[in-house]
Structure formats: structure tokens, C-alpha cells
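The same subunit A turns up in both complexes below, where it pairs with subunit B and then with subunit C.
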Partner chain A sequence: MNLLDTIIKAAPEAHIVTETDGIQIVAVTPEELPAAAQALAQRPEGAMDFLYDLTGMDWGEEGLGVLYQLESTATGERIILRTQTTDRERPLLPSVSTLWPTAEIKEREAFDFLGIRFTGNPDMRRLYLREDWKGYPLRKDYDATANELTLDNEINADTTEEYTLRPDGTLECHEHQLFGNDDFVVNIGPQHPSTHGVLRLRTALDGEVIRHVDPILGYIHRGIEKMAERMTYPQTLAMTDRLDYLSAHQNRHALCRCIEGAMELEVPERAEYIRTIMDELQRIDSHLLFYSCLAMDMGALTPFFYGFREREMILNIFEETTGGRLIQNYNVIGGVRADLHPDFCNKTKEFIVHLRQVLPDYHNIFTGSIIAKTRLEGVGRLSREQVIGLGATGGTGRASGWANDVRKRHPYAVYDQVDFEEVVRTEGDSMARYLVRMDEIEQSCRIIEQLIDRIPEGPVRTKTKPIIKLPEGIFTASVEASRGAFGVLLESRGDKSPYRLHFRSTGLPLVHTMDTACRGAKLADLIAIGGSIDFVIPDIDR
Partner chain B sequence: MNYYDINSLNQSIHGTLSSLMPEGLAITLEGIAVGLLIIVLYALLAIVLIYMERRVCAAFQCRIGPNRVGGRGGLLQVPADVLKILTKEIISLRHADRFLYNLAPFLVILASIFSFACLPWNQGAEILRMDIGIFFVLAASSIGVLGILLAGWSSNSKYTVIGAVRSGAMIISYELSIGLTVLTMVLLSGTMDIQEIVMEQEHLWNIFRGHIPALLAFCVYLIAGNAEANRGPFDLAEAEQELTAGYHTEYSGMHFGFFYLAEYLNLFITAGIASTLFLGGWMPFHIPGLDGLNAVMDWIPGVVWFVGKTFAVVFLLMWIRWTFPRLRIDQVLTLEWKYLMPLSLVIVLLMTLCVIFGLVL
Partner chain C sequence: MKTDEFKNNDYLQRLVDKLNADGAGIVLTTLDEAINWGRSNSLWSLTFGTSCCAIEFMALGAARYDMARFGFEVTRNSPRQADMIMVLGTITWKMASVLRRLYDQMADPKYVVAVGGCTISGGPFRGSYHVVEGIDKIIPVDVYIPGCPPRPEAFFYGMMQLQRKVKAERFLGGRNHKESRPKEETQTDETAE
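Let's turn to the complex of A and B:
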């Protein structure tokens, strides 16, 4: 039974709205959503078990709604469910968090920005904004002057709210206790050496043992999605590099692909090669930093400098061609900003030879160390079902046996022309997450080696009009960023700026796994697990 | 035979002073002079050790280390840092137990100075000499953990409490191994007087005399000593990446400086006791039978031998610190209670048997 039939069998009123990039968008009513979602999640011919992303939308007159991007881990089929409610005063939608645990945190995001309450979600607190924030910023009728700058401390509630709908249509609110009075709650962050940014983990401890972790997000929330709604398309590109700054190239690649796809713009082959090589260099850069930071988090400072020594060389290569080291602003709509520096190919080749020579040192000093082994092995184990349910893509998912590499599953750029392995391990512990990334460095080297001598001659950029307008519709694109699947969902109303631009954060599902991974572990393990799960905060907060 | 014995010098100074003034006053003056000497030496050694640590870790980490202040070697970097820390404000916390909070750094530094005073620098150059010397060192150094616990508790912060509890659990556990390995050497030497332990090693250092058990004891001592000094991979009491700075998170200025100073001096004391017990203290390197070599060795002053050996051990400990990741608290305790302590007991037994049956060299 194909996907549409599965939905229609459970939800007779469902119908296809449109199609984007070969993915059907199917509208279902809120009443039928639970049945349709359940039918998809438990479909015998390939369950749609991966909720790729959940995007809250404000369609103005048509009401508020949500897009569910679903994917089957078995068959790779994708579909988008669309549901909406016209009630703007009290928008209610049923929660799907029992089917896909990752929805728990993403529904919080939709509530935070659009005020949609999800009945049955056990945690309906705000996610990024302050708990006393007035209004919902992504609504089109949001009053930006409603909130004055407050300088007083935000008091975090120790309870969460769950709403259920009574048969007579009234709301019922349950409170769940997150932290009790006798819990020893330690704040890890927002200013802390090993949260790698302004992340705050409220951690309930029992001696050294972790009972519960509650991530408090939003300390670096910049409202990038809101800002993008007022920018022209080329301007929105500048935002992507500032999400996950260790995946700057890949993020921008995703948005460029999305816009190019909507414009039906052909990208020159030379640009595709350059983008692929840059993506892989960026991945090596990110994984070297991962190695450094994981080692440092565990108290080994010497490996930290090893990683940074080699990363510096990548940054120099980036700088020569793009002018930027961390934020490169290199991809543009239709190609890349400028041609490669004449030394680029030689330096990259030299760098890969050098990296191959020093990688054994990395393993000697850290991987082989008995203390690193005992600290990482068996710590923070996540099962395959857990990572799929929580949507933890990238190295974290692959360490638990879930082959989720976008480069393999939905190839883009020139990834279908190169030979590389998708590194998958089955242990699911911190050691596996670490080793997956170390092995990916070698695979990235392989990809670059295959491409670097084959870069075709030609232009690096297709000329576009100075003002870019996209046709009406919903467009998506995803790439494999350094730490997981990064996606863009763009709704256009035919203007020169997007009606809604949503980024699938790679880090949000990762930070959501912290509670699952850390329960019962020691405080020192929390740092090791956090380091091995590898999130970047600006990407989570957006 | 030792050319650099300063016992006679000590006695002549004492004799001169006594002839000039009443003996009580002379002893008081000498006490003050020696006290000043300890404090100056203590501060100087800390500067040297911090400089050494920066240089050594820079070398391990493919860096240069301090190279700006005071010429290319950066020799004035640490003195500049010392001056800076002296000028910093000492913060007082609102909800802290004021008395204990201020007392804690002094307890830590006191413990460290007590043990420091027992080190045998040269023949005749020990400050505190008693016939239970090594036992006194063990007892005095244990006061330090009290300071750490008080610092963590009185700061009224969650991070510091966790750090203090970790430190307490760890130091008290590792005290056992240290005690047992020291006991091994006491068994070999037959005395607890530090100077006599050194004198016993005139012909051969203890690590050679006691061969297998002594070598094992040396390894156990180094591991446990590293833990006692709260240094990596056992630095979980201050575990920067977990607890920001552990038990001394809330201290600033010179109060923090005392913890910092004590940490480095504890490293030196650990290494100094190791070189005294196992490597002959100030005793030159002698091989029985090779009188020519022994005579040449005797020309090198004892203090050079002692400081040289101690710094060699310090280097070893720094090497360990800059190589390994940090252990977790349960792993630290498992290592001690399941492996090191039983091993130390076996070593004591082995050494006892060796001594009884005359199997030592």
C-alpha cells in the first residue's frame, strides 16, 4: 500500500495539496491526525518512524498549522503531513509525541513561536523565550513592541503543563513535577566550560548520579527565522553560517539548494564540485574540533592542541579562497562566490597527506589511553530505536546503528559520483560516537581525494537576476551537515522574501537525547556524553 | 663520607649566637630566620614549579609556552602573575560561613608548609627533625584535606560541595596506599627518622636495595602521591570541565593563590618524599665496590642531588598529567580499594619477608 493510501484508509478526508521535490504534501484535519500519524508510524511496508522535522506555520486567514516531515528509515520514502486549525484564539492540535518522541521538544518550539497548544504533550513550557514572554513571535500579527527589555532574572518553573481536551471541548491542565523540593539541582551552564556555549542543563543529582536533565535553551536565540521573513533571499544566506558555525558551508549549501530548486536554476558543475569539497573540508574541520573538545572535556588537554593544530591548516585553506575562516559566506544562489585560489588544490592535497600522517598520533594519545576507554565505553548508551525516535541524526545516530547519512540516502551535489563508506557502528555508547567521527574524517579525506583532481573547468556561478523572487509553494532541501541532517523548509508567496523559512536544527534533537542518555550516569559522564553527542548551541537556539 | 655536611656549620652559628646573647633568645632568632627561609623558599619553589609546568606542558602540546615577559624565555611571566594575584580583591561571599571560608586556605597552606619543613635538603639541612619524621609528614599532610573540605562546604555553592566531597573521598582513600608504601620503606630502613632513612641508603638507594617490592612500592607511591596532590588524572576535585574549579570556585585573589601555591608545593613534597624514600634523598649515587665512581659522585653537593632527583620525579608527574584524561570518581575509588590497596598490602608482606630472610641488597 503506498503512503497516500495508508493515510486515506485511516483518515478519509486526507488529500494531496501539492508536491515538492518529489515529496507529497498531504493535508489532514486535526481530528484525523492521530489516526493518520499512527497508521504511518506503524505502516507494515516500511514504517514512517523518523519525524525529520515539525514546523509550525502561520497561514494567516487559513489559520495556524503544522507540517510534519516524515521519513521511513527502512525504505527512505518521504512525505509531509499538513494540518491546521482556524482557531487563532485557542489553537489546539493533537500531539504526536507518543509516536515520535522528538515531537515533544519540537512541539514546544511550535508552541513557543506560534502559540499552538498540543494536547497530550507532557511538557508545554516555552522552549526558547522567557516564560513571561508576551505573544508568539512567528505569528504574522505579532506585536514586536509588546515586550520591554527585562533585566530581572527569569524564574524557571519546576513543573511542566500537560493539556488534554475534555469531550465537552474545555481544556484540562495537568502539572508534572520536574524537580522536587529534595532534589539537588545543579545548573550546568549557561556559563560553563564544557557546554560549548550558552546551554544550560538543569541537572538533578543524587550524590554523583544523575537523576534527570532538563535542558534550558534560548540563551543565544536570535530569532533568525523571524529575521529571514524580512530579508531578500540573498540576504537570508548570511544567517545560515551563523547557525552551526562548524557546518557553515553545509548549512548555506542547504539553503542555496532549496532556493535553486525553487527557481529551477542549474548550478555549474564546477560549483557543485567545489561545494562538495568545501563541505567535506568543513566536516573534517568540525570533527577535528570535536576530537579536541571531547578530549578537553575529559581533562586531557594535550590532544586538544593536536586537533587545533591541524584545524588551523583547514582554516588557512578556507581563508585563501573564501576570505573567511569560521564564517565563509562562500555559497551563493547559483554557485559559489568566487573561483578557487590557485593554491587551493595543492594545499588541500598536502593537507590530506599530512592529516593521514598525524591521525595515528591522535589515536595513540587518546583512543588508546586506558582511561579514555573506561570513561567512554558503555557510557550514555542509546539504542537504535531511541535515536530514531528522538531524531538524533549524524554521528550520534550512526553510532547506534542507524544509517541516516543524507549523502547516501538522498544524494546531492556530486556525492553520487564518489565512492565512500557510511560509517555505522552498533554499540551506541560514547566510544562509538567518538570513533564514528574519527572514521568519518578518513572518509571525508577519501571524498576530497577523488574530487580534487577532477574539478571541471567552467564558470563557478550561474548569473541570477539582482532581485530573486521564488514561485509560490513549499520547498525543502536537506544536506548532511557536520553533526547530522540539516534541513531547510521554505514557504514562498511569490515575494522577494520568504513567507516562512524554517531550519531543521541538527542540535535540537541531539540536546533532547541528553536526558535519555544521562539518566543513571555520573556527573562526569554527563560531560563525556555531551562531548560525544557533539552539539553546537547557536544551531539549537537559532 | 660527605664533604658538604652542614651540621658543624649549624653548630658554629648556634655557638656564636649563644655566646652573644642568652640561649633562649638565640633559639628564637634562629627560629625566625629559619621560618623566613622556609617561606621564601616555598614561594620561590612555587614560582619555579609553575614556570616548569608551563614550559613542560607547552612542550607536550606543541606550543612554546611563556615567551614574552622577561626576554625570550618568559622568565618574568610567573613573578608578574604573582604580583598580579597579590593585588587582586579578595571577594567575600554573602551566604558563606565567613570564618571557615577564610580559615580554609590557611589550613591547606599550613599542612603543606609542615610537610615541606620535613624534607631533607642536605645532611644537616633539615628543618624539623624528629625520630618519627616520616610519620609526622603523613599526619601533617592530612590537615590539607580538612582545608579542602572546609573550603568546599563554607563557600555555600553546589559545585564546591561536590568538589570537596570528591576530594575528601579520594584523598582519604589514597592515604592508605601512601601509608602502606611508606611503611614498606620504613621496614627496609628500620627507622622513621627521615635523615636516618637517607643515611641508610649510603651504599645503595632503597629502590635498588629493596628490588622488586621497592620498585612496586615506588610505582604505587607515585600513583597515590599524584592523587594526594590532586593532580591529573586525579584532579577531579577541581575538574575544570565539570565543576568549573571544584572546591576553590568561590575563592579569589591571594586566597585562591594559597590553594594554587599549595597544589604546586604538594607536588614538590610528593616528589621530595619519593626521592627521599626510594632514591636516596640527598645521598649521592653509589655503587658498592666502585670506589672511584663513588668518590666522584660525592663531589656533587647533597642539595643538588636532592633537588635534582625531586625535579626528575616532578617531571615524571607532569608527564603523566599532560598525557591522560581525567578519571571518574568511581573509577578513582575502584582503583584504590580494589587494586592499589591490596597490592600495597602484598608489597608490605613481601618486603617483610625479604627483610626477615635477608633478601635485600
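Let's turn to the complex of A and C:
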């Protein structure tokens, strides 16, 4: 049975709205959503077990709604479900968090931004904004003056709310206690050097053993998605570099691809090669930083200097061509901003030779050491089902046996022309997550080597008008960023700025796994587990 | 940068003039100089990296830029042990109260370095509903380092400016940062009066 039939069998009123990039968008009513979702999640011919993303939308008169991007890990099929409610005063939608655990946190995001309450989600607190925030910023009628900058300390609730719908249509609210009476709660962050940014984790302990981790986000929520609605398309690009700055290039690549796809713009082949090489250099850059920081979090200082020594070489290469070290602003709609520096190819090749020579040192000093082994092996285990359910892509997913690499599953740029391995491990512990990333450095080198001598001649950019208008519709694109699948969802109403621009954060599902990964581990392991899961906070908070 | 430009610091000169005009005792001044020499070469900073700029700060700590050459490689994770707070990255509304609290917890004399466009004016995120448009709305700032992110060299220049400011100050009997909140019109240059 194909996907549409599966849905229609469970939800007779469902129908196709449009199609984007070969993915069908199917509308279902809120009443039929649970049945349709269940039928898809348990489809015998290939369960749609991966909720790639859940995006809250404000369609003005038509009401508030949600788009569910679903994917099957077995067959790679994709579909988008769309549901909406016209009630703007009391928008209610059924939760899908029992089918896809990752929805638990993403529904909180939709609630925070748009005020949609999900019945049956056990945790309906705000996710990013302060608990005393008024209004929902991503609604089109949001009053920007409703809130003021305050220096009062925020008090966080110790309870969560769950809403259920009574048969007569009234709402019932249950409170859940976050922490037990005999839990000892340690507050880690938001200003803590080992949380890799401004993450806050409220950690409930039993002695030294972690019972529960409650992440509090939003300390670096910059409101990018709302800002983008006032920007022209070329302007929105600048935001992407600053999300996950260690995937700056890949993030921008995703948005460029999305816009190029929407306007059906052909990108010169030379630009595609350059983008691919830059993406891979960025990945090496990010993984080197990962190595440095993980080691430093665990108290080893020398690896930090090793990692940064090689990383500086990549930054030099970046800087020569793009002018930027960390934030490069290099991809533009239609290609890349400037041609490669004449030394680029030579330097890159030299760098790869050098990196191969020093990588054994990295392993000698850290990987093999008894301290690293005891602190990483067998700690923070995640099973394959858990990572899929939680949507933890990238190295974290691959360390638990889930082959989720976007470069392999839905190739883009010139990834279909290169030969590389997708590094997958099955242990699912911190050590596996660490080793996956170290091995990926080697694979990235391989990709670059295959491409660097084959870069075709020609222009690096298709000229576009300064003001770009996209046709109406919903467009998506995703890339494999340094730490997982990064996606863009764009709704256009034919204007020069997007009607809604949503980024699938790679880090949000990762930080969501912390609770699962840390339960039962020791408090000291929390830092190492967090380091190995490898998230970047501005990308989570957006 | 040319040496002349590097030395061209009107506000430092004004500070020195003012100190001289008040008339300082010879013993105290000499002692002050010695103390300030020591203070300026061992500025301990509170790590407060919220986003991208913090990664460039890490690069500063590594071998290529090696900030230990100037005496500010010691970072502290507790505000009570820090001389200065280096604000690296966007400050959001949710973070504002935390930043203010950390600043209040630091012992005097304390300094604030605002790194990157975000901390100066909100940078690329100016106009967002959740971004503080310049940390000088929350705490007084001593040195601004522009850039997005600033180059490591710019960090050093900014830090040297701070060192010079420290050197030009009166430590003994002087007042350090008595103001609790920045006044509307006050130039931050003068907060160290």
C-alpha cells in the first residue's frame, strides 16, 4: 500500500494539497490525525518511524497548524502531514508524542511560538521564552510591545502541565511533578564552561546517580525565524551561519538549496564542487573542535592544543578564499560568492597529507588512554530505537546503528559522484559517538581528495536579481551538517520575503536525548555524555 | 596598525590628566604604578561565551594566538574570582538577568569587555524581540571590540586597551566602579572615574 492509501484508509477525509521536491503534502483534520499518524508509524511496508521535524505555522485566517515531516528509516520514503485548527483563541491539536518521542519537545516549541496546545503531551511548558512571557511571537498578530526587557530573575516551575480533552469539549489540566520529593536537584548552567554554551540542565540526583535531566533552553534564543519574515531572501542567508557556527557553511548551503529549488535556478557545476569541498572542510573543522572540547571537558588539555593546531590550518584555507575564519558568508543564491583562491587546491591537499600524519597522535594521546576508555566506554548508552524515536541524527544516531546520513539517503551537490563510507557503529555509548566522528574525519578527507583535482572550470555563480521573489508554496531542503541533519522549511506567498522560514535544528533532538542517555549514569559522566553527543546551543535555540 | 594610532587614546589621556589634576602623593602614585602593572598583566576573566564569538576566544587560548603572552590566559568559572567579564556573544532577554547577576557578584575593581557586534548593539540580530541591543543597557562596559566575530588580533587590541586603562587608574584611594547601573547619557569611557 502506498503512503497516501495508508493515510486515506485510516483518515478518509485526507487529501493531497501539493507536492514539494517530490514529497507529498497531505492534509488531515485534527480529529483524524491520531489515526493517520498511527497508521503511518506502524505501516507494515516500511514504518514512517522518523519524525524529521514538526513545524508550527500561522496561516492567518485559515488558522494555526502544524506540518509533520515524516520519513521511513527502512525505505527512505518521505511525506508531510498537514493539520490545522481555525480556533485562534483556544487552538488545540492532538499530540503525537506517544508515537514519536521527539514530538514531545517539538510540540513544546510550537506551543511556545504559536500557542498551540497539544492534548496528551505530558509537558506543555514554554520551551525557549521566559515563563512569564506574554503572547506567542511567531503569530502574525503578535504584539511586539507586549513584553519588556526585565532584569528580574526567572522562577522556573517544578511542575508540567498536561491537557486532555473531555468528551464534552472542555479542557482538563493535570499537573505532573518534575522532581520527586527526595530528589536532590543540581542546577548546571546556564553559565558553565562545559555545557558548550548557555545550556541549563536541572539534574535530579539520587546520591551521585542521575535520575532525571530537565534541559532549560532559550538563553540564546535570538528570534531568527521571526526576523527572517521581514528580510529579503539574500538577507536571510546571513542568519544561517550564526546558528550552528561550526556548520556555518552547510547551514547556508541548505537555505541556498531551498531557495534555488523554489526558483528553479541552475547552479554552475563548479559551484557545486566548491560547496561540497567546503562542506567537508567544515566538517573536519567541527570534528577537530569536537575532539578538542571533549578532551578538555574531561580534563585533558594537550588534545585541545592538537585539535586547534590543525583547525587553524583549515581556518587559513577558509580565510584565503572567503575572507572569514569562523563565519564565512560564502554561499549565495546561485552559487558561491567568489572563486577559489589560487592556492586553495594545493593548500587543501597539503593539509590532508598533514592531517593523516598527525591523526595517529590524536589517538595515541587520547583514544587509547585508560582514562578516556573508562570514562567513555559503556557510558550513556542509546539504543537504535531510542535515537530514531528521538530524532537524534548525525554522529549520535550513527553511533547507535542508525544509518541516517543525508548525503547517502538523499544525495545533493556532488555527493552522488564520490565514493565514501557512512561510518556506523552499534555500541551506542559515548566512546562510539567519539569514534564515529574521528572516523568521519578520514571519510571527509577521502571525499575532498576525490573532488579537488576534478573541479570543473567555469563560472561560480549564476547571476540573480538583487530582489528575489519565490513562487507560492512550501519548499524544503536538507543537508548533512557537522552534527546531523539540518533542514529548512520555507513557505512563500510570492513575496520578496518568506512568509515563514523554519530551520530544523540539529541540536534540539540531541539535547532531548540527554535525559535518556544520562539516566542511571553518574553526575560526572553528564559532562562527558554531553560532550560526546556534541550540540551547539545557538542552533538549538535559534 | 601604526604605533602612533595604537597610542592615540584620547580618553586615557583625559583620565591621566584628571588624576594628575587632583594631585596624587608621590608614594601612593609609585605604589599605584607597581600595583597596576601587576594587575594589568594578570587580568583573570570570567568565561561568559554564549555563542559564535566564544569559539574565536577559544582559538585565542590555543597555541597560534596564545593569549598567555599577555597575561590573560587564566579564565575563571566563578564570578567571585574574576577581575573582568568578557561577554562573548548575543545576550538575549532571558540571559539579561543572569548576566546582571554575574556582574553584581564580581568583586571590585571589575571590568567589562564587550566582544562582537551582538554585545555592542545586537549586531545582526538587532530588532529581534528577544535580543538585548547592546549590553551597555545592562552593565557598564569598559572596552568594545567590534567585529562579527572580531579577529583574534582585534581581541588583543581590545585587551591591551583595557590593560592601559587599568594602568592609568588610581587603585589606592581611588574609586572603582561605584555606579551600580549605567546612566542614560554617561559615556562608558567615564565609568572608571
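In this section, the second predicted complex is superposed on the first by the 539 of 542 C-alpha atoms of A that agree within 3 Å, B and C clash if a C-alpha of one lies under 4 Å from a C-alpha of the other, contacts with A are read in each partner's own complex, and residues count from 1 in each chain.
In this text, a contact is a pair of C-beta atoms (placed from the backbone, for glycine too) under 8 Å apart; a residue touches a chain by one contact, two chains touch by 3 or more.
Model, not experiment: these values are computed from the prediction.
Enquirer: Report for A:366: first if it touches subunit B alone, second if subunit C alone, otherwise both or neither.
Expert: After superposing on A, A:366 lies in contact with subunit B but is clear of subunit C.
Enquirer: Is A:295 in contact with subunit B, with subunit C, with both, or with neither (first, second, both, neither)?
Expert: A:295 contacts subunit B only, not subunit C.
Enquirer: Between subunit B and subunit C, whom does A:357 touch in the aligned arrangement: first, second, both, or neither?
Expert: Neither partner.
Enquirer: After lining up the shared chain so the two structures overlap, which partner does A:170 touch, if you call subunit B first and subunit C second: first, second, both or neither?
Expert: Neither: A:170 stays clear of subunit B and subunit C.
Enquirer: By the touch definition at the top of the document, which applies to A:137: first (subunit B), second (subunit C), both, or neither?
Expert: The answer is second: A:137 touches subunit C but not subunit B.
Enquirer: Name the contact category of A:192: first (subunit B only), second (subunit C only), both, or neither.
Expert: both
Enquirer: According to the contact criterion defined above, which of subunit B and subunit C contacts more residues of subunit A?
Expert: C
Enquirer: Considering only the touch criterion stated at the top, classify A:309 as touching first (subunit B), second (subunit C), both, or neither.
Expert: After superposition on chain A, A:309 lies in contact with both partners, subunit B and subunit C.
Enquirer: So, A:227: does it touch subunit B (first), subunit C (second), both, or neither?
Expert: second
Enquirer: For A:181, is the partner it touches subunit B (first), subunit C (second), both, or none of the two (neither)?
Expert: Neither: A:181 stays clear of subunit B and subunit C.
Enquirer: Indicate the residue numbers of subunit A shared between its subunit B interface and its subunit C interface, in ascending order.
Expert: 192-193, 304-305, 309
Enquirer: Using the touch definition from the top, list the residues of subunit C that touch subunit A in their complex.
Expert: 47-52, 54-56, 58-59, 61-64, 75, 77, 89-90, 92-98, 100-102, 124-125, 127-132, 137-138, 148-149, 151
Enquirer: Which positions of subunit A touch subunit C when the two form their complex?
Expert: These residues of subunit A touch subunit C: 128-130, 137, 142, 144, 147, 149-154, 190-193, 197-198, 218-224, 226-227, 230, 238-239, 242, 245-246, 289, 304-305, 308-309, 311-312, 315, 325-327, 537-538.
Enquirer: Which part of subunit A faces subunit B closely enough to touch in the complex?
Expert: Listed in rising order, the residues of subunit A that touch subunit B are 184, 186, 192-194, 205, 208, 295-302, 304-306, 309, 365-366, 369, 371-372, 374-375, 522-527.
Enquirer: Note which residues of subunit B are touching subunit A in the complex, please.
Expert: 57, 60-63, 158-159, 162, 166, 232-233, 235-236, 239-242, 244, 322-331
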